[in-house]
Every structure is written in structure tokens, then in C-alpha cells.
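In the two complexes that follow, chain A is the common piece, with chain B as its partner first and chain C second.
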Partner chain A sequence: MNRLLSYEEKDTWLHHLSGITKLIFFIVWCFTSALTYDTRVLLVMIAISAALYVMSKTEWRQVSTVFKFVMFFMVVNLVAIFLFSPYQGTEIYGTKTVLAPLFPGHAITREELFYLFNVLIKYFTVVPSVFIFMVTTDPSEFAASMNHIGIPYTGAYSVSLALRYIPDVQADYHRIRNAQEARGIEMSSKAKLTDRIRRTSSIIFPLLFSAMEHIDVVSNAMELRGFGKKKRRTWYAYRKMKRADVAVLILTAVFSAAALVITFADGNRFWNPWV
Partner chain B sequence: MDPIISFKDFSFQYRSQQEPSLSHINLNIYPGEKILITGPSGCGKSTLAHCINALNPCSFSGKTSGSLLVDGVVPEKEGVFGMSKRVGTVLQDTNGQFIGLTVAEDLAFALENDATPQDEMFRKVDRVADIVDMKHFLRHSPSALSGGQKQRVSMGGVLVDDVKILLFDEPLANLDPATGKNTIALIDDICRREDVTVVIIEHRVEDVLYRDVDRIVVVDDGKIVADDHPDRLLCTDVLSRTGVREPLYVTAVKHAGCTIDPADHPQHIESMNLAPYQDKIRAWFATTTLPVRENHAPYALEVENLSFAYDPEEPVLQNISFRIRKGEMVSVVGKNGAGKSTLASLILGFYQPQSGKILLNGEDISPLSVRERGERIGLVMQSPEQMISKPMIAEEVGLGLQVRGVPADEIERRVNDTLRICGLYPMRHWPVSALSFGQKKRVSIASILVLNPEIIILDEPTAGQDFRHYTEIMEFLRKLNRELGLTIIMITHDMHLMLEYTDRAIVLADGQLLTDDTPARVLTNESVSDRAYLKKTSLYDLAVKCGFDRPDEFVDRFIAFEREQRDAGILHGNGAEIGAFNGAEARREKDTAEETAGGIA
Partner chain C sequence: MKKKFGIREVVAIGIGTALFVVLTEVQIPLGFVPNTSLQPRMAVLAFLSAIFGPIVGAVIGILGHALGDALFYGSVWWSWVFPEAIVGAGIGAFAKKFAVREGGFGGKNIFLFNVVQVVANAVAWILAAPVLDIVVYAEPANKVFVQGAFAFLGNIIIVGILGSLLLAAYSRIAGQSSSLKKED
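Right after this comes the complex of A and B.
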């Protein structure tokens, strides 16, 4: 069973960065991408994202499912924009160049197509950075750095604890579902939807009970080894901020500032190629 | 020398209970000793352990009286955290107690919580990884480890704290026999090298005695009933009287009518002096008979050249073929990950084989869906909690019929019939939550039986059960086998189960069928036992030492003898209880259930 977007240990400089650096980069990057509609800036961001993606040695199988899912939403998003506001592009760029009249009230315009193109490339600036963050960040190290920037360790630890036990719960779920199906409690698509909803109780309750047993053991085991004893704790997986981290943070700030300056130089978020 | 653990007239009563779980305990354990505490389920042995590490009364509230000193302090005052510096506890759930995302982090967990500087932490983790021999696995995640390896990590995880006492709560419960043996050896090595006192809570006495222990303490009904050197204790009948299984070779010598002398060192079969007993054992052997095992019934299940893999590079099962006749009781054995559960999943149709055929009564079942197979082959999971989803017993048992659209009056009739067979009829209107573990197990079996399957597959039917409950569950299955002609397949680690209750053992090792033979022959064959991570039975050593040239026949005769005695209701004094669960026991079990429940509240 391979989990979606899970961390995999590899030897690249991106893996060696601190989780916090990657988180800050990720937030600033998304923020910049959300603000700008400047096609030049977006294209540069795509180029950087693509380069980082290649350098992270992320394999297609790690991300393919999620990627397809995002692509599906992107298409829905683009179609919806076109259907509900076909002249959004005209409003933004102030001209109206009809390429093909579709039906009354909906014509394909050059401006709308350009606007949609901008929305599309925005997706491609953000998606790789999400992937890189998820597959190159060791959850334990991330919890450690969260704790170091002031998040209480009980909260920070719960993330890695969840990651630790999710696969166990998944395995339990499969086991219980199979056994109940053999008893005749069909949960596959062959059964009617209403029946399936009603029958989920026959999986949920056993799953809940075994999860409670789990929790009992885990909380005892943690207490017996002193979790929560002190106000502070150290982390085996903690990595100090290194020069590379500082460099990445500075470059991120510089790039983001430059991107915003270029974007807003002409007074709005858009870049108009026809002026 | 002063004792490191000292109970003086100590009693403990859980808040939720009427009676004390421990009463007037007097026990001294000295530094460097290795002690085995044993007794039947619910006898109070785990309660005793939890008093040492302060889980009682700090996490599970209750009342104490008398005095308890551990390493010079009172656990109750010190609290769970304080005691964790002195007492390292290894719980029985090897997976559940693995907290870190990797081996290294789990080993470091206690150090992290103690805010140990990182470089010191690295050093200590490396040191304990060395002690428990997990150095090459530091970056592994728990899912990539076997049960035995996880247990090594648990041991390391408490050793990093430089504890003085190591407390093992049923360390053998989830392990295959060979891994269990390695665990006992490792505990012994640590005890010798690291200057710690070791307390092992376990009802599998023979397996713990693979290495020397200094004393065995027997607890029954909240009291200490024996506390003696193993050599002396094994000569008495205190184990069998309290419902704990004696080492098989000791039982065999006693069956032969011998009184064992402590001077002959019965602690290990390898070093026991058998000379005084050989004649009697031979004489006894001559009086026993070999069971007749002839079954010419048609085949119920035939598996032909079955292969399966999730990933073509790593086959899980390769070319498995075997046949099981109607009415047989068969065990499927082998180490963890040998493919036993996968085999069951293929038979039940959860997965599709890459090649090969499965025939039920001579008919290929590949076109049948999971649900259709489920009507003819029932699966009972290891823990009844994993199957039970309805609050009331009758409802739970009838669920499989209800979803199949069987009319209400027929459901009621069939449910009642099944409950009668399972001895649950008087409780049919009870909520499931009021039942003991053994009764819940029967409910989960009843909910499968109600569908009238021809074959029933049980996954570890006796895991974690003490001798009394083991006997109860197994005698019940045997009754179903004999009275209903049900074919029963059991996936198990338990060598006693395969010896005592199955006609045949299908042995898997690394995805291949290693052998398909009588359990006695499997467990007297060293190379088969080794490859399948089983442990050859001590009866084999006894037979060899007494000069029998067919050890497997000796084993078979021994089992047959025990069988006769059990059927006559005279063995271990608990034969009569079987089947009819008596009230007192049900109550006791319920108390045990509440002990656990009380902890969550």
C-alpha cells in the first residue's frame, strides 16, 4: 500500500533543508502566486518550480494520483469561469477581440483565453511546490522545527503521531471490511448506495473499538516513557538551520518582493500584452 | 542485601471493583534477580506489575494498603513519570507501543522527553541499538519490521533510560515460537550484561524457562500461592492446579506416575537428569495407544498450484498445493509474514491469485464473489472486537442473515439454533458488552456458523489466552467439528494448539509449502521447525533422552493420552468446566474487562 504524498528519504539538497525553511518558502510562494496575474512573473515561477521539482528527484508514482486530481479540478475551474463570466478577460484588459462567436452571450475572445491561460499557469506554479514540500519534508524533523519556532510540542508531536498510526488504522479498516464482506455485508459498488451507507456502521464500530484499544496502549506507552513530563523536550530528528536555509529564505524574500514590484508597477495585478 | 522491590502486606483494589485484585502480597525481589510471575488470566499478575511501574493507582485509580518499595521509593508517590526512570516497562503489544516514525526516534523517545541534548542522544541511541542488535535498522519505519524486531526496539526504548528494573508484560503473546525463544535469550543476555533486575509476567512457563530464571512466583486470585526456585516449583502441582500449563516434558513424566525430585533439575529438559524416571516412562508408554486417524471423506477444499504476489518481484505465495478432507481439523503454521493470512485471503476471495485454482467440494470457486464464498467458507478474525458491530447478541448473530434478506421468523429460528449450539442461548437478550472475552469469541463464531458454512477458517483463535480459556475455546471448536462435521482450518503460532487439536499441519515458509504432515512429525523434525520458525517440542527431547527411536510416535501417544484424560474430565481438574461456563469465572473475566475500561475513564 503506498500512501499519497508521503515523505521519502533521498539525498538531495532539498531534503537537507529544514522543514521550516520549506514551509516558509511554500507559504510565500503560494502568496506571491495568488497575488500576481503577471504572465512574465508566472512563467518565471513555473520555470523555478519545474527546476526544483527535478532537483528534488520526486518520482511520478509518488504524486501521480494527486496530480490527476488537481488537474481535474483545474479543468472544472476553467470551464466554470468561461461559462459564468465569459467576458472577464475583456473587463480586465479593456479590449474585446472576438475569435469565434459561440452562442448569444458567449463568444470566445482573445482576452478571455489569455485570462484563462493565466489561471492555468498559476496552478502550475503552485502544484510542484506542494509536492516538493510534502515528499521532501521528514515529518519528525518538521515537528521538531515547529516546536523550535514556538509551537507547543504536544501539538507538534500529534502530527507525527497521526502519521505513525494512520497506516495501522488503514490496515485494520481493510481487514474488517473484508471480513464483514465475507459475512455478506457488501460494501462494494454492487450494493445500493443507501444500503452501503446503512452498513457502514458494521465497519465503523469495530474500527472505532479497535482504535480505542490502540489509543489506550499508545497513551500508556507514552506515559511510561515520560511524554509530557517536562515543559520542554528535545528532538532526535531536529536539524539546525544551516547556511543553505538562510540563503533559501533570503532568495525567497528577494524574489517575492521583485515579483510583486514588477507585477504592480503598472498599477494593477495584470500584465496586458496588447498595450 | 536489601530487596529492590519489596511488597509488605500489600493490597490493591480498583475503584470500579468490589473485591481487591491483590490481597496481602508479601514479595521481595533482589537486585540482579530474574523473576517469572505467572498465573491464569485475571489472577492479578498484571495488576502486580502495574503497581511496580505506578500505572496503578496513578493511571488506573484504586486503593492501596500495606507497603510497596521499589528502588527505595514508593511508586504511588513518585508517579508514572518518576518511576519510568527506575522501571522500564515493555508492554505486550509490540506494534502499539512503537511510537516513533523510525527505529532511532523510537529508541530516543524517552530521552527526547527528558530534554537530553541531541549529541548525547545520538550516542545513547547508538549504544542501545547495539545492545538490542538493531544497529542496521535505525532508519527503518515500524511497518518494515517484524514483530520480534519491534520488540527489540521496545526493549531498547526503555534501556536508554539506564533503568534498574525491566518489567515485561507478556512478552511472548504476539510472537511466533522461534522469535519468542530469541526474545527470552535476549532478555537473559541483557540481564547478565547490564546489571538490571528482570521481572517477566507470562503464562507460558515452558517458553520462559528456555533460559534460567531465579524464581517463579505463582499468583492466583490476587494472592501469591507459590514462590520458589523453578526446579522445586516444577515438582509440585501448583501450576496445573492454578490453570497454568506446565512444561510438556514435566507433564509427561508426571503422567508416567513419577514424582520428580528437585535435585534432578527439571528446569530444562536438556539438563534434566532423567535416569530415575526412564523405566516408568517406558512402562507408561507401553500402556498408551496410538490414535487412529483415518478419514476417507471426500475433499472439502483443494488448493492447486496457487501463486500470489503484490509485486511480481516479491512473490508472497508460490505454487501452494494441498487438500483438506471434510471434517478435518487442520492448522496452517509458519512464521509471521510467511503468507498464512494471504492464503486465507485468497481462499476467501479478498485477493485474486496470479495462478492456480481453489476447489470447494470439487468445484472451482474462482467465479464466486467474496459474499458468495462467505456463505460456504466462514472467516473468524483474531479479535472478536474486530467483528462485532451490533449491541445485542441475537442481533449480531443474525446480521449475516438479515443482510441476505432472510425472512424474520427464519432468522430467529436459525439464530436460536446456533446460540444453543454455542451455549449462548440463555444470554440471547444480553448486550454484547456484558460478555467476557471467551464469550465474545463464541459470539463471533456463532455469527459465522449461522450462515451454515462448510468450512470455517479461524485466525489465531487462542492468541493471548491463558490455558483455561485456550482449552475452553478449543474444546468448543472440537465439539463443532465432531457434532456438525465442520471442516476447521486454523491459522496459528501456537504449537500446543497444532499438536493437541489438529490432525495435520500445513507448514509455510517464505511463501512456499514446506511440508504437510502430522503435527507430531513437524514438531519433532528439527530442520522443518527451524525453517518455519517453530520450536521443536520438548517432548521430542524427552523421547530422545529416554531412547525412543520414534519420537513423533511418543508425542502422538502423549497427546492421545491427554485427550482421553481431558474427555474423561480428570485432567488438570478443569475438564468439567469446559463448555458450561460457570458464573464465577464469567464474573472474574468481567472484572478483568473492567480493569481495562476503568483506565480509560
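Right after this comes the complex of A and C.
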């Protein structure tokens, strides 16, 4: 039933890294991958994330459902790009080599295929890093280390509460949906749009109002225990930054700087193999 | 109004984000347009922004969208994460005017809420998201503007209907100071 990615305790060096190290790596990685269209850089990034994925000892069952979703969305996105602008590749690489005329206005060109290939491998650079971040980061430890790099602990606590409550709210959601279905409200897609909205709202109403009650109860409890009175607090799950963390951060910075230098060396973010 | 950012806001961000993430799963396909659907989570974001204000709205938008994408789709489409904050902050900026908790959300405020949400959604999905798509991901311009336009349409429909209903209903419940009635 649980198709979400979630944390699992294991004994690898990636699990022992501080949560904030992994977050910084993840964000820098995402932005490097978003900015570069250099095929060589992207292929190296794929190799690195694949290696990290193997080292994290993540099992296929932990990520398989999500992975199938990713594949589906990727295919839809690629088809959409091709339908909307079949000559984006030509615009970027400046040449037009028709491989097969498909139908008027939509010939398959070598440049477009290469552009789509780049869009595709961009996904594959990011997906493993998301998996690694999600399955190796302990939410409590993550909140603690956020606080230690200077984010106010109220903010860190919000994030920790969010991660803590996702399974609860999800369980609530499934309970309410089952209850409504038992009352004969069908959720299939045959009905009219307005009916579908009404049916969905029969789940959202109780879910949202019980969440509002949760907010009241939890914030009262926290107030009673003096949350927010002092400037600092201590954390049970805090882990010190170790040498490995520093090493990872330095390597990340060096790698993404190098990647961007290589990418933009020829003046733009694309790498043209035909010049 | 007491302190601007109290315990209630901290908890609202936490549980609100959890709710937004879970509702990523709930999509109502539009049918006539492929690959677009109404997202009830947008109505929830509008609801929470209208009650807890702009900061809570913006943070739930960013955090919820990034986490929801990561957990359900395994990748984060950053150029669509930040516009979510515009919607949350835009609607939240009028939180005091709406007076939902005070039981004042009716007639005129429903109208105001819908004007605000249409403007906020327009800025977010017709302007910010496609522009970011082009700048950050170098996607084809006409594709992203079409996607943005459909996202805008879907969101104003779901926020307009479901969001208004949720707020009106909650305002009726929360506005009552007690369920007792005076006997004549």
C-alpha cells in the first residue's frame, strides 16, 4: 500500500552522512543538471549517481512504483515536446538532418532526437539522487542538522512535523476514502466532471477538517510544553558533521563548478557534436 | 492578532505540508485535455493560505510541492515549485480581510477571494512557471505556455469551486463561539 519513498535504516556511509550534507548535495546536483545540456557532463553525472545508488544499498522494491511513474511522465513529456516543437533541436544545433518524414511539419530530425536524448538523460541524473536522499535521510536527524546550520529551530521543526505527519495523514486519507466508498460513493472516472469534484470533496472535507483539529491539538500541546520560549533547543537525533561530510561538500562544489565551466566553455549550455 | 509567527503557524506549516503532499495522489483528470488534471491539493493550499497568511501559504507551497514531487514522481521540477509560493503568498496576503476564523467568510469575501486567487494563479502559471521553464530547463516556449495555461485553468476551477466551499463551510463552523442557543 505504501508507494511513497520512505526512510529505511541501513549501515552504509551514505546513511551516516549528515542530512544537511545530503540536502546540499541534492540541491546543487539538481541545479547543475538543470543548467547543463552538455551530453558529456550529463553522462558523467549519470555514472556518479548510479554508483551512489548502488552504494546506498537501496533495494528495488523501495523505489519500483515511483520509478514506473517517473518513466511514464518522462515518455509523456518527450512526446509532448516533439509534438509541440519538432524542430527545437534544429533551432539549438543550427543544422537540419531529416532522418524520416513523419507527417507534414513533423519530420524526425537527427538534431531533435539528440535534443530529446539530452532531456531524457537529464531525468536520469536527478532521479537516483532523489531516491538516495529520500531513503537514506532520517527525518529527525535532518531537522536537527537544519537547525545547526542556522535555520531557526521553529522552521526546522515545521519540516520535521511535515515528514512526521505524512504517513498519518495518508492513513487518514485511505480510511476516509474507504469509508466513503463503503457508503456507495464511487471514485471511478466514468462520472461527469462536476460529480467527480463533488465526490472528491466528500473526502477532502473530513480530511481537511480533521487536519485543522490536529493543528489545534498539536499546537496546544507544544505551547503547554513551552515550545518557542527559548532561543535554542537541544536535539535527540543530532549528529555532528564528520570528515566525510566536509569531503562530500567540497567534492560537490568542485564537481559542479567544473561541470559548469566545461558546459559554458563554448559560450552556451548545449554541446554540439556536429561542429 | 498577536505574534506574527507563533506555534500555531509552525504546526500549520508542518501538518499543512503533510496534507498537501498526501493529496498529490488525488487528481481529477479533465478528460478532454490529455495529461492535465484538477488538483484538489491546490484548493487545500488556498484554504490554508487564506486562514494562516502569506508565510504559511508560501512555505507549504514550496515544501509541499517539492516533497510531493520527490515522493511520488522521484524528481523535482523546480520551475513549478516556486510559482506555488506565489499562489500561497498571494492568497495569504489577504488572510485578514477574509476573516475566516471570525465567521466572516461570505458573499463579498467569497468574491474577493476568487478575484485574488485568479490573479495569483495567473501570475504563477501563465507568467512565472513557463518563464522559469525556459530559463532553467530550456524547454520549447510554445509547449510550456500551453502547459501553463492549462495549469492556470485547472487551478482556478478547483480553487474557485472547492476552495470557496471549504472556506465557507469552515467559516460557519469556526465562527460560532458556542453551539448553545439562547432560549426565548
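Assume the second predicted complex is superposed on the first by the 201 of 275 C-alpha atoms of A that agree within 3 Å, B and C clash if a C-alpha of one lies under 4 Å from a C-alpha of the other, contacts with A are read in each partner's own complex, and residues count from 1 in each chain.
The rule we apply is simple: a contact is a pair of C-beta atoms (placed from the backbone, for glycine too) under 8 Å apart; a residue touches a chain by one contact, two chains touch by 3 or more.
Given the structure is predicted, the values throughout are model-derived calculations rather than measurements.
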Between chain B and chain C, the one with more contact residues on chain A is chain C
Just checking: does A:242 make contact with chain B only, chain C only, both, or neither of them? Give me first, second, both or neither.
neither
If we overlay the two complexes on their shared chain A, which of chain B and chain C does A:16 touch? Say first, second, both or neither. neither
**OP:** Classify the contacts of A:209 with the two partner chains as first (chain B alone), second (chain C alone), both, or neither.
**Re:** both
For A:40, decide between first (touching chain B), second (touching chain C), both and neither.
neither
Given the touch rule stated above, what does A:123 touch, chain B (first), chain C (second), both, or neither?
second
Inquiry  = Under the stated touch criterion, which partner chain does A:106 make contact with: chain B (first), chain C (second), both, or neither?
reply    = neither
Footprint intersection on chain A (chain B / chain C) at 160-161, 163-164, 168, 201, 203-205, 209, 212, 214, 216, 218, 222-223, 227-228
As the complex stands, chain C meets chain A at residues 5-8, 10-19, 21-23, 25-26, 28-31, 35, 38, 40, 43-44, 47, 59, 63-64, 67, 70-76, 78, 136-143, 146-147, 158, 161-162, 165-166, 169-170, 173
Per the touch rule, the chain A residues reaching chain B in their complex are 9, 139-140, 160-161, 163-164, 167-168, 172, 175-176, 178-186, 190, 199, 201-206, 209-210, 212-214, 216-218, 220-230, 232-238
Note: in the complex, chain B contacts chain A through residues 53, 55, 59, 80-81, 84-85, 89, 91, 93, 95-102, 104-105, 108-118, 121-122, 125, 139, 142-143, 157-158, 161, 345, 348-350, 369-371, 373-375, 377-379, 381, 383, 385-390, 399-400, 403-404, 447-448, 451, 596, 599-600
So, in the complex, the side of chain A touching chain C is made of residues 3-5, 30-31, 34-35, 37, 63, 66-67, 69-70, 73, 76, 80-81, 84-85, 88, 92, 122-123, 126-127, 130-131, 133-134, 154-155, 157-166, 168-170, 173, 189, 193, 196-197, 200-201, 203-205, 207-209, 211-212, 214-216, 218-219, 222-223, 227-228, 269
